[in-house]
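Before I ask anything, here is the structure I am working with.
We call the chains A, B, C and D, going by the order they appear; numbering starts again at 1 in every chain.
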Amino acid sequence: MDNIFINYSLFILFLPLAAFVIQIFFGKKLPRQGDWVSIGAISITLILAIAMFVGMLLDYNPDFRQEASFTWLDMGAFSIQLGFLVDNITIIMLLVVALISTCTHVFSLKYLKGDIRYSRYFAYLGLFTFSMNGIVLANNLISMYMSWELVGVSSYLLIGHWFEKESAANAAKKAFLTNRVGDIGFFIGIMLIYTAIGSFTFTDIFEGVAGGVLVGTTLTLAGVGLFLGAMGKSSQFPLHIWLPDAMEGPTPVSALMHAATMVAAGVYLTIRIFPILSPDALLVVAYVGGFTALFAATIAITQNDIKKVLAYSTVSQLGYMILAVGTGVYTAAFFHLLTHAMFKANLFYGSGSVIHSMHHALHEKNDHETDAQDMRNMGGFREKMPITYWSMLASTLAIAGVPLFSGFLSKDAILAGSLSFAQHHPEHFLLPVFGFGAAAITAFYMFRMMFMTFHGKPKMPELIDDIHESPKEMAGPLVLLGTLSVAIWYTLPHLNPISTDGSWFTTLVHPVTAVVPGSFTAHAIEEGAHHAHNLAMGISIGVAALGIGLAVLMYLKNIISPETWGKRAGFMYDWSLNKYYFDENYDKYLYQPTLRLAKKIAWIDWELYDKYFINGFGHVTNWASRVSGKFDYNIIDQFLVDGVGRIADNFGFMLKKIQTGKLQNYLLYVTAGVIILMIIQSY
Amino acid sequence: MTEFTFWFIITLTILSAGMVVLSNQLIYSAMALLSTLFGVAGIYVFLWADFIAGVQVLVYIGGILILIIFGIMLTNRISSVRLSQTNVQQGVGGAVAIWLCILMSLVISKTPWFQADASEPVGTVAEVGTLLLTKYLLPFEAISLLLLGALIGAAVLSRKEN
Amino acid sequence: MNDLNTYLLVAAILFSFGVFGVMTRRNGIAVLMGVELILNAANINFVAFSRFGGMNFDGHIFALLVIVLAAAEAAVALAIIINIYNNMNTINIDEASSMKE
Amino acid sequence: MENILSWLIWMPVIGIGIIAFIPRDKNDLIKIIAAVTTGLQFLLTLVLWQNYDAGNGGMQFMERATWIPSFNITYILGVDGLSLPMVILTALLCFIGIFVSWNINKAVKGYFALFLLLDTGIIGVFLSMDFFLFYIFWEVMLLPMYFLIGMWGGPQREYAAIKFFLYTLFGSVLMLIGILGLYFSCGNTFDIQVLMEVAPDALRGLTWWGMSAIKVIWVLLFVGFAIKVPVFPFHTWLPLAHVEAPTAISVLLAGILLKLGVYGILRINYGLMPDGVYWFSGALAALGLINVIWGGLCALAQTDLKKLVAYSSVNHMGYTLIGMAAIIAAGEANGLNLKAAQAGLGGAVFQMFNHGTISAMLFILVGVIYDRAHHRDIEGFGGLAAQMPIYTGITAVAFFAGLGLPGFSGFISEAMCFIGAFPVYKGIVIASTLGILLNAAYFLWAFQRIFFGELNEKYKDLPEINRLELFTVVPLLLITLFFGIYPAPFLNLISSTMDVIINHVVSLATFASM
């Protein structure tokens, strides 16, 4: 068994890359534009990932760990080792990526049928899968950073898939640049760590921190720096702005990258580096996560675009995970990552399915004006699209935190963790408040979305006849992931659907104590969370019921009018609808000033510095020579040696005649000159 | 007899040289040049330079002069034979030339030239040949390259455009 | 006949004629002839100094080189003159002045 | 193998000799001769690389011949890990440059002869180990460049050429003064290796007009080299010259000529005045920061694509300066951090090479679009991605390489520069990481404006990139990609020389601050 998992994971890593290369170069020439190449590669990846997963379950070793590394570059003292780390977290993550990626590939077969850049699309999916797996498998910060950026690029390429639309091109650029802001923090963190420890691998870093090489503020700063990277990728406040815009990409991409896997990379990173996060850094993490969870949820309430609702919901859920890491229950964060990947991907597929049929219906009516993603144009699709409806409902129940569904378990663990944290540190009571508040709102807006889309009367009755269930390539992933939203899968081998005690997950992924001196031990955190568990469960069921109930009253039974309440909320409604004017303010106070600064600098550089200062030297020299020339002419020449000048003038006039341009004249002068010289010489 | 021949040759040389530059007919000038060159060859003989004299006859008369005559023929239409030519600035030029001549003669006569006695060699060819291929090998090769270059250059230049 | 000055004077006269020719002739070929005279004058000097300087053959070599040079010069110059004639229909060198201004 | 370096230098001159004998209307033959000459030269550099002993960081393949003994001027050539990559890069870019200039039709003979002369000058600077010879080659380079810009350039070519010429000449004059100062104060020798031994001691304590001689000479030489780099206040010739120069010349200008400045600083300033390194490295890093930010902001504001790429060079060379400043990390005052010094210096040299390939690629690509659309206004395109997919793909890759994406060599070198300089100049490095954001911003923004959106109706018949152009770009692309994935071959080549330089500077500098 030695390192067989590493070998498997190498295959998992490089197969999608191979598919990418083949698709880029030959995609268009292959039959069916080569989609079978990508599907084949990703299917093998999935099989291997399942094999690894099964292997893990058979082994059932909580401390399983394999590592392999090689020297990438070596200059003597400075060298970089890259390598792969496979442990239980890696294996689960690989499976998630492979599973969602496969589903996306299959789903896209029909969703993007006939697209002009069909093979290109599959190529980029391959590139994404490769880089995502690169993040998952990294055992060091450098290769993680590299994959990190590559993920950013594949996201850029896929969001910009329909680049003819300016909004898509803008969104792609925005995503990349916003991520880069985070990446700068990431890189500064790497530099801080390397400077102190002299190595990039996690093992060495953990050892170094445990040994007290890197302490105090520097450690906190390093942790915050790395977390900044996570904030960018996981779309945390205030870098959350790119994710909703990223919905300009094809819906399956949103499901794969902007819901399930890529955005989870930030969470994955914080989980990986959890042991070196100092208490102060963790506090930052917790507050950012908690605030994002609540903040994004409040925006989601008022959105009318079905994908925007899901996007803000994703931001909010990611905030949950970050909150969990910050409060120390990082296994809960990973658990939520896992369950969220399943149900959120499913929700996106569902929305994709709805949008697909809306498109189709609008196309039938030759209507190209109506927005196919606006929920205000939907309603009453339940009978028409039963598979989509039921699978989405399962996922909605999961995300709302209803017992028996997966989200309940993971969200509960997080809430318990934050509650216990607040019990230990009463001054941070806000953290659980964020959590529970977000839970209530989540339940509300998710059901609002379901009701507006599937229930009630059709808002555009003329379309309803053309709304059909999606083909089986699209329905398959829906059913599969809908099933995976049920709690039972995560509590095995026990069948108690409301507790994860002793399940495969809690056994295999167990918390470790941070290596930072002075942190809580893993045991203490676990104990605390366990104590808070029942209380948290009670409150969370309560708030979920509250949210769902409110949604039922407002959007299903129409007892409370949303419009009236929206008006009553006044500016709050406005802010929420306009996403708190973040984009506008960033534009006004960040982008435009930067551009203006750039223009100014360029102007200074070119029009001022170069034109006046540098060319000024030339002008000064020119001017000086002219002044000296004038002086020469007016004072010395005209005034002092006027007579001599006149003689010279006449002489010059005489000489001008001599200048005939005829060779023979010149020869004559030369000879005459020689004669004169000879005569002079002879005296 | 030798004395007479010597002065005859001198006179011939000078007179025909004058004709070269004074004649109005170009073709006469060329003919006068012929006799000047012969005269110079004769002078070489008196200076014990028999090989140079031979070369003078062969190259100058056999080559250059023929070339010049060709040049004259090619640049004047035969049908309207106007082989005459005019001079410019003759007055000043003449004065300058005469002055030049006078001054040079003064210089020549006033300068105490270095002289050394020597007996007449049997033949100069062997000596010249040895020198050319030993001491003066490099100039020899260089001048041969120059000659080649001039040949090609002349051919390229006088070729008709396209 | 056995006096160096005689030869030098002859050479000087030839030289002056040559200079006069070059200065006054309008026809390019005639100018060329003047140049040949100058070269011959120089050659006479070389050989004469050689003869009266102890029969040193270096002068002969120089004379030879000058002859070769003259041949090369004549060839190129004539080629140029013919070219000028073809282009301008004249060989009067004061008329062939398109390079001037 | 005996005189391989001389062969390298003089091979283009042989090419010029052959071209001189080809009639002026045989354009293709001239181009082929030029291509064969540079091709052979490139092969020769590969042979050199094969025979180079990477384990030995000192000078190899030394050649030595007396030249002007009365002034102690000698013809000395040598190559080490610092110059070898640059020589290979030069030969490669010259070879590619010939093909880039394949569509030059104006005075072809002169163009290619000057091009080859430029080639000789550049290689000569990299290989000469005698300061006087170095200076001669430095000037030899200047002249063909002046004519190449001034005669085959864009509409403002004469202005650009004269500006380039005066700017660089100004630097050369300062350099000459510096050289003479060294010559007279260090025992009348121009031999760089001798100077490296003698100068640090000879200059120490020497003062001229109340100023330390080291500082004076350092500044004189630095300004001379900084103009070539170009370092911040001396950079304004670059956008103009780049914009006006023909494509191949822009390629050489950005790809190699800028490296000469850095090479000069590393070879001469670092080698001869280790004390000066300590004195100046803070300023060096700060100038690097300014280059990064200033260049980035200027690039962001450009509407001319070529000017954007030109300013991106200013931006990219800033990283090199920051990396170079890291050398003092290995000193005692900074805790003998050899790791950081190696990372910084190696990163700087690697960045030189990478910028050579990447900016060359970018300029070729700009040239491709300019040949087709006859303008370079970024706003004037739009939607080209649909029309020219291959060109778009390659440009995307080049832009991503330019913005330092992992997987391309530029990332590694930039990261190494930063990592190396970080322990010494934390604030500067953190501030300059903003540069990588600007970097991404200007490239992506330009990319979006050119390629994304609806296809501009004017360009719906624009032909795709052709094979010749592909032939010029793809090798560079592959090199960038190869070193991005596996940088070890390059770093192994230079690392022992880097150690020699670090050791030299650190061991001969006697006081940490002057």
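List of remarks:
In the analysis below, a contact is a pair of C-beta atoms (placed from the backbone, for glycine too) under 8 Å apart; a residue touches a chain by one contact, two chains touch by 3 or more.
The structure displayed is predicted, hence computed values, not measured ones.
Across A-B and B-C, the chain pair carrying more C-beta contacts is B-C. Chain nearest the geometric middle of the protein is D, using mean C-alpha positions. With centres defined as mean CA coordinates, chain B is found 93 Å away from chain A. One inter-chain figure worth recording: chain B and chain C are separated by 6 Å, centre to centre, where each centre is the mean of the chain's CA atoms. With centres taken as mean Cα positions, chain D sits 61 Å from chain B. Centroids of chain C and chain D (each the mean of its C-alpha atoms) stand 56 Å apart.
In chain C, the positions touching at least two other chains are 19, 23-24, 94.
In chain A, the residues touching two or more other chains are 664, 668, 671. For chain B, residues touching at least two other chains, in rising order: 88-89, 93, 96-97, 100. Taken together, the chains touch in the following pairs: A-B, A-C, A-D, B-C. In the complex of the two chains, the chain B residues touching chain C come out as 2-3, 6, 10, 13-14, 17-18, 20-21, 26, 29-30, 33, 36-37, 40, 43-44, 46-49, 51-52, 55-56, 59-60, 63-64, 67-68, 70-72, 74-75, 85-90, 93-94, 96-98, 100-101, 104-105, 108-109, 113-119, 121, 124, 127-128, 131-132, 136, 139, 143, 146-147, 149-151, 153-155, 157-158, 160.
The touching residues of chain C, when paired with chain B in their complex, are 1, 4-10, 12-21, 23-27, 29-30, 32-34, 36-37, 40, 43-44, 47-48, 50-55, 57-58, 60-61, 63-65, 67-76, 78-83, 85-86, 91, 94. The part of chain C that touches chain A in the complex is made up of residues 19, 22-24, 31, 93-94, 97, 100-101. Across the interface of their complex, chain D is touched by residues 24, 71-78, 142, 145-147, 149-150, 153, 156, 160, 163-164, 166, 168-170, 172-173, 176-177, 180-181, 183-184, 187-188, 190-192, 194-195, 198, 594-595, 597-599, 601-603, 605-606, 609-610, 614, 618 of chain A.
If you check the complex, the residues on chain D that touch chain A are 166-167, 233, 236, 239-240, 294, 297-298, 300-302, 338-340, 342-343, 346, 383, 385-386, 393, 400, 405-407, 411-412, 415-416, 418-420, 422-423, 429-430, 433-434, 436-437, 440-441, 444-445, 448, 451-455, 486-488, 491-492, 495, 498-499.
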